[in-house]
Each structure stands twice: as structure tokens, then as C-alpha cells.
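Lettered A, B and C in written order, each chain numbered from 1.
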């Protein structure tokens, strides 16, 4: 594990540091250990995937980072400072469709800006910019119920980005979509990431998706989850799912998973 | 496409009109040939005759009754929505008020008349009170359900976008999310409130300074005088206004909730 | 296919209606063994209560194949007449005005006897009663009484007009049932009420008001309650009708000869204390009578009131409302 504050020609300072994060759920008198001493560091503008089987604590970990849940022990630092409850410098995209159905697409995207007290004119500028970025400008006056699943998630991404978070947390955002839509959105996400240079922590249980998207893949085990393995993915973007290199990594990880889940 | 929709609508109305016409026709037949006693069953012809005789009074009667309805409804909204919201949001408020509400709910508005007289005298607020009793519970329940059913996911989505305080969450997420429930609660309340008009106008109200007005009031008076054709007429009026109100409200509901339509533009 | 369904439905409904229509009207049941009497909880109708309490209805009519007689209590005239229209009652003790109204509308029945005259009282709130000296003191006030067309409403308005007071413009008369009127005055929500006994006495004993005028002073010897017998009973069982009259006379006489017992029976039936009943009898001007001739004119005046108000279409004649032959035969 690389040490923090490691100086070289590029100053490598970790944007997000998770130190010994553990989480225990108490229900009635039973205790369930979900996360077991997770240590994780993420660099600025890095695209990191947390990969694990269904039922491991990856969603819990993300929610802890976001501040929607509390961790039982350990510490989280953002830019070296202790993280507070729900950081407005973090953004999140959920797996289920989470757009506000009573607001138009445009109004959904401006929601976070309204909360920040941004002026109307400025709101419009920013919202239009991000809608353009996800290629949904034509639908800004439509309601979510009129959109397909893929479109809804694109709006969710635009909405999250509109408030200019430093870190974007994504909880299996394409899990509810069909394969074709998923592929398209994966490609769009990488383009978006290239343009905005946000730090992204992306959760999935889909090995192919992780290899396609991430520079670093962190594999979590089943509950109680530990960091089992970290894989550096140095394939150049945009990646080709049919290439030999890609499939080599895929085979490697798949074998590893098979061993893990035995 | 438009032509097709138009045709379908005409078909729908044709069947509805047919059912009503048939009902009236059979009524007239039975009244005229089978029973032949206006005291037992006034015929449609009798009712129409009564209508023409009373046509000057009817708008005023409807107006007075609608005023009574509005009074009761206004207070039902003022009490029901905040209380429903409170109970829907805070579990302790729910536990606290629930037994009281469950005890009061089964008591029919009619039973409250003596108290209406004692507390509000013979004013039009008394009538409003009876209607309030009827209209309160649907609004209360629906607001409560709306608040309770607020999607946790949407609340969290708002939180991660910077909406953290309770009052902000209620304003920006819970209320808009509950809006369909509240609207339908209002519609049901108005319907029930209108049904209570007859009970509400049974005793000597002020009627805004007029005598012998109000749909419920006149219905009772004509009943006491065994003028069954007029009683039937006023029953028809009650029914018609009731349907009209309901249809109008349904239309308003649809327009306000147009975001609920599910027409899919299935593209990527 | 749709059309076929509708025609079938149509025919079915009509058939059902015709069938039910035919079965509902049964002319002249072979043997009449039970009678139902309509009565109201008022001191006016204590004759009926005495006869019922002593078992006289049953014993006097048993020679005519009657084995069961029961009575039904009604809060006021109109529902009682409604029950008679629905053929639920064979005869009824009821106010003359509801009887006029129902018979004029087509109820197959006739008035066969008088029951009582006068017997209503004007009660004012305590403060108003103190300063009351004459009818003009009522100007600008709000009085509750039975709805237009009723005896009370007719008597009150008649008396006001005789004193040059316009009942529509000079004061407010509001209509309601007896229960609500009592609630209103006892809650201090109204200036006065005009109600039949024993309500005025009850209000006085509850110290919520004072009786200031009696109806007999407003319209001397005005008719009040009568006995109405159904057309079926009159046509098919005239001897029973005569017997009913005899029993009614016996009971009416009993009121005068055994007043204490009459009070007790009345109190038990109505559910008010004997004290209230006593106070009511001490403070009323009502008289229990039987002879229908004595009230014929008064009743027709009430019919005139209803006709003038447009509540009945044609002005009835005496023979439309009364059947005096039974009384004449036994008198």
C-alpha cells in the first residue's frame, strides 16, 4: 500500500484515505460484522472500481464514504482533513432510478444548485452545460416518467456533476439496465470522466465492467468484507472488450473469484 | 390518430348515456304503470315538473349548500393536512394521536349535531362543523399515507445533493412526493363532505340570513310535507352536483399531476 | 353482442319490477290478527299510553280476532305518516297538520276522532322572559319551532299576525325538530322555542327558560292531536274501528279520573321524570277530547294555511279528511 504524502516529481497526495474502516450492524442482540478493517486510498482524478460478489459490503462502504451511514471504527480523510457527515464535495449516483418524478429533467439537474443558493441565471448555465455533456439537452423539459432507464441514469450523472463534486461515488449505476444500454453508458462515462477529470469510485459486481472502466480494481470478499486484492489496470483508454489483453485480465480475475467463492 | 381518440371517447359517452337513459326510462315505466302512486314513487315526469316549478330556487339552494361545504372543507384542510403530516413524519406523534383518531372516526357526522348546536349555535359554522367531521378523516389519512410512503431513496438523493435539514427535506421532497395522495384525499373529502350536507342542514341554520334555502334543508322540509317529487328532485340535485364536483376535481388532479404520465420515449 | 346483453338486462329488470309490484299490494289480508299503533312521546297522547299499559287495546279487540297489539314511537308527525304510507301502521295518534299533509298527498286514511286541543307553549330564555310583557317584545328575536305547515308553526304565525307582527320580517322563525330545539335553548343559542308539551315544562325545570305564552291563548281551542285510521281498516274492519274509538274514550276519561296513575304511565313511556310530567300538566292549557266534530273547523283552518303556503295542491273538504260516522254511531 502506497504511503500518503509520498513526494515525487508529481506530488502524490491522496484525495481520499480510508484507514481501518470497520462496520458492525447490531440487530436485537445479534452482531454482524460487515466491513473488516478496510484500508483504501484514492488519488485525485483516479477511476477506481470496487469489485465484489453480491452480498459483500461494497454498497455499505460507499454509503459510509458518502456519509449516509456511520462506520463503527477507523477514520476517513478527505484531502487530509477528517470527513464530515454528508460532504457536499462528494456526489453520488444510486443504482435505482432516483430522479425526482415531479421535477422536469432540467429541474432535477438544478436541484443541487438550488440547495447551494446559486443564482437562477447561473443555474441555467450550469444545468445546460451538463445536460449537453450527457447528450440530453433535447429532453430538458420532459419528466422522468417519459424517459428510458438509460436516459434516467444519464440525468442522474448530470445532476450529480452539476454541483461540481470532487469525488463521484457510483453504486452500480448501470445494474438495472439492459446490456446494450450498459455498454453505451460505460463508453459515455469514460468520455465524461476524460472531460471533467473527476475522481470516480465505481461499485460493480460485473468483472467486465470493472476492467473496462477502472485504472485500479479493488476486490472485496464476502461479508465480513476485506480488501482481498488490488489490481492495477494499465490498459490504455478506450478499452476493447474483445482484445486479448482485456480478456487476459478478465480470465485472471474470474479465476480468482472462483477460488474466493469456493 | 386524433380522430380515433375522438371516436373512442364518443363510444365511452354513448354507453354512459345509454345506461342513465335506460335507468330513467325504466323508472318512469315502473312509477307510471306498476306503482302509480306519487307518494310511493314519484315519476320522472313529476320530478321534471317539480324542477320547473322550483327552478328559481335551485341555484340559491346549491349556492348555500356549497358555501356550507366550503366552510367545512377549509377547516378540514387546515387541520387534516398539518396533522397528517405530523403523524406521518414523527412516529411519536403517530402513536399519540392515533388512538384519539380511531375513536372519533367511527362516529357519524349526524351524531355531532347536538354538539354543533352547543358549540357553534345555529350559525352556518354549525353546518360547516358537521361537514368538517365528515371531510377530516380522508384528508388526514391520505396526507399521513403520503408522508409515510415517501421513498427513502429520494430522501437520500436529496441529502447527497445538499438538502439535509428536516424542514428542507419536507419542503423539497416529502411534500411534492405526497402531493398526489393529498390531492386525492381532498377529492374524497369533498365527496364525503357533500354527502354530509343533508345532515348538516337538518337544523335551523342562519343560512346567511335567508330562510328556506339549502339543498339539505329543503330536502328535509319537503319530506316533512310528503312532497316526494320534490324530495326526489333534490336527491337528483345532490347526485348531479356530487358527480360534477368529482369530475372537475379529477380533471384538475390530472393536470397538476401530469408528471405521473407514463408515456415512454423509448430511446437511448 | 353488446346490444343483446342490454336488451336481456332491460327485460330482466322490467320483469322483476312488475313481479315485485304485483306482490307488494295485497288487498285485504284474509284474517287480521295484529295491529300496530303509531304514537309520539308527548303528554298530548297519553290516552294511547294508558290503553296500552292497561292492556285495553288487546282485550277490547280480542273479540275481533286480534291477538297482538303493539305501538311504535315516533319523534314527530312526518315520519309517523311516512310509516303509515308504507302500510306499517293501522292507526295513529298524530298531529292534525301532518295528517292533513299526508292525506292530501294521497295517504289512504281518515281522521276518526280528536285526541287533544291546545297544549303547546312559548318558552323564552330566562333574561328575555323577565322583561317579556307582550308579543311585540318578540320583535327582532329568533324563535325555533316545528317546520312550516306544522300546527306549532301555523299557530305561532297566526298569533303574531293577529298582533300586527310580520313573522317573516319582524323576527326570525327557524325550523327544527324537538330535540335540536331543546338543545338550542338549553345551550343558550336561541331566544325562544315554541313546542308541544312536555318540552316547555322540561326546559323550565332545567332552569333554561320560562313559559310566557300558551298556545290556547294564541289560537283558542285549536286542534292538535287526532286519531287517523287507515283506509283498509275503515273499509274492511269497521267494527274494529268502532271498538278502537270506545277504548279511546275509556282511556281519555281515565286521564281525568285517575290523573296520578296517568302521569305515572306517561312518565314511564316517555322517559321523563314524573316531576316534569306534573309540571307540564300544571302549566298547560290542553284538554283531552274525543269528538271530531268539535275540531273540524280548526283542522280545516290548518288545511287552509297549508294550501295558502302551497304545500298542498287542492283545499280539502271535511269529508276528504274526516270520517265521522264511527263516532256518530257510538256517541
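Just so we're on the same page, contacts are C-beta pairs under 8 Å (C-beta built on N, C-alpha and C of every residue); 3 or more make two chains touch, one makes a residue touch a chain.
Computed from a predicted structure; not experimentally measured.
Among the other chains, A has the CA centre that is most remote from the centre of subunit B. Centrality annotation: B (chain centre taken as mean Cα position, compared with the mean over all protein Cα atoms). Between the CA-based centres of subunit A and subunit B the separation comes to 49 Å, rounded to the whole angstrom. Look at where the CA atoms of subunit A average out and do the same for subunit C: the two points lie 84 Å apart.
Here the spacing of subunit B and subunit C, counted between their Cα centres, is 37 Å. Counting partner chains per residue, subunit A has no residue touching two or more of them.
The set of subunit C residues that touch two or more partner chains is empty. Residues 18, 22, 26, 29-30, 34-35, 37-40, 113-114, 117-118, 121-122, 202-205, 211-212, 220-221, 223-228 of subunit B are the ones that touch subunit C when the two sit in their complex.
Interface residues of subunit A, counted against subunit B in their complex, comprise 66, 68, 85-86, 88, 90-92, 94, 96, 98-103, 111-112, 115-116, 139, 142-148, 150-151, 159-160, 163, 180-181, 184. Across the complex, subunit B meets subunit A through its residues 153-154, 156-164, 168, 172-173, 176-177, 179, 258-268. The residues of subunit C lying in touch with subunit B in their complex are 6, 10, 13-14, 17-18, 21, 76-78, 81-82, 85, 98, 101-102, 105-107, 142, 144, 147-150, 168, 172, 174-177, 179-181, 183-184, 187, 189-190, 306, 311.
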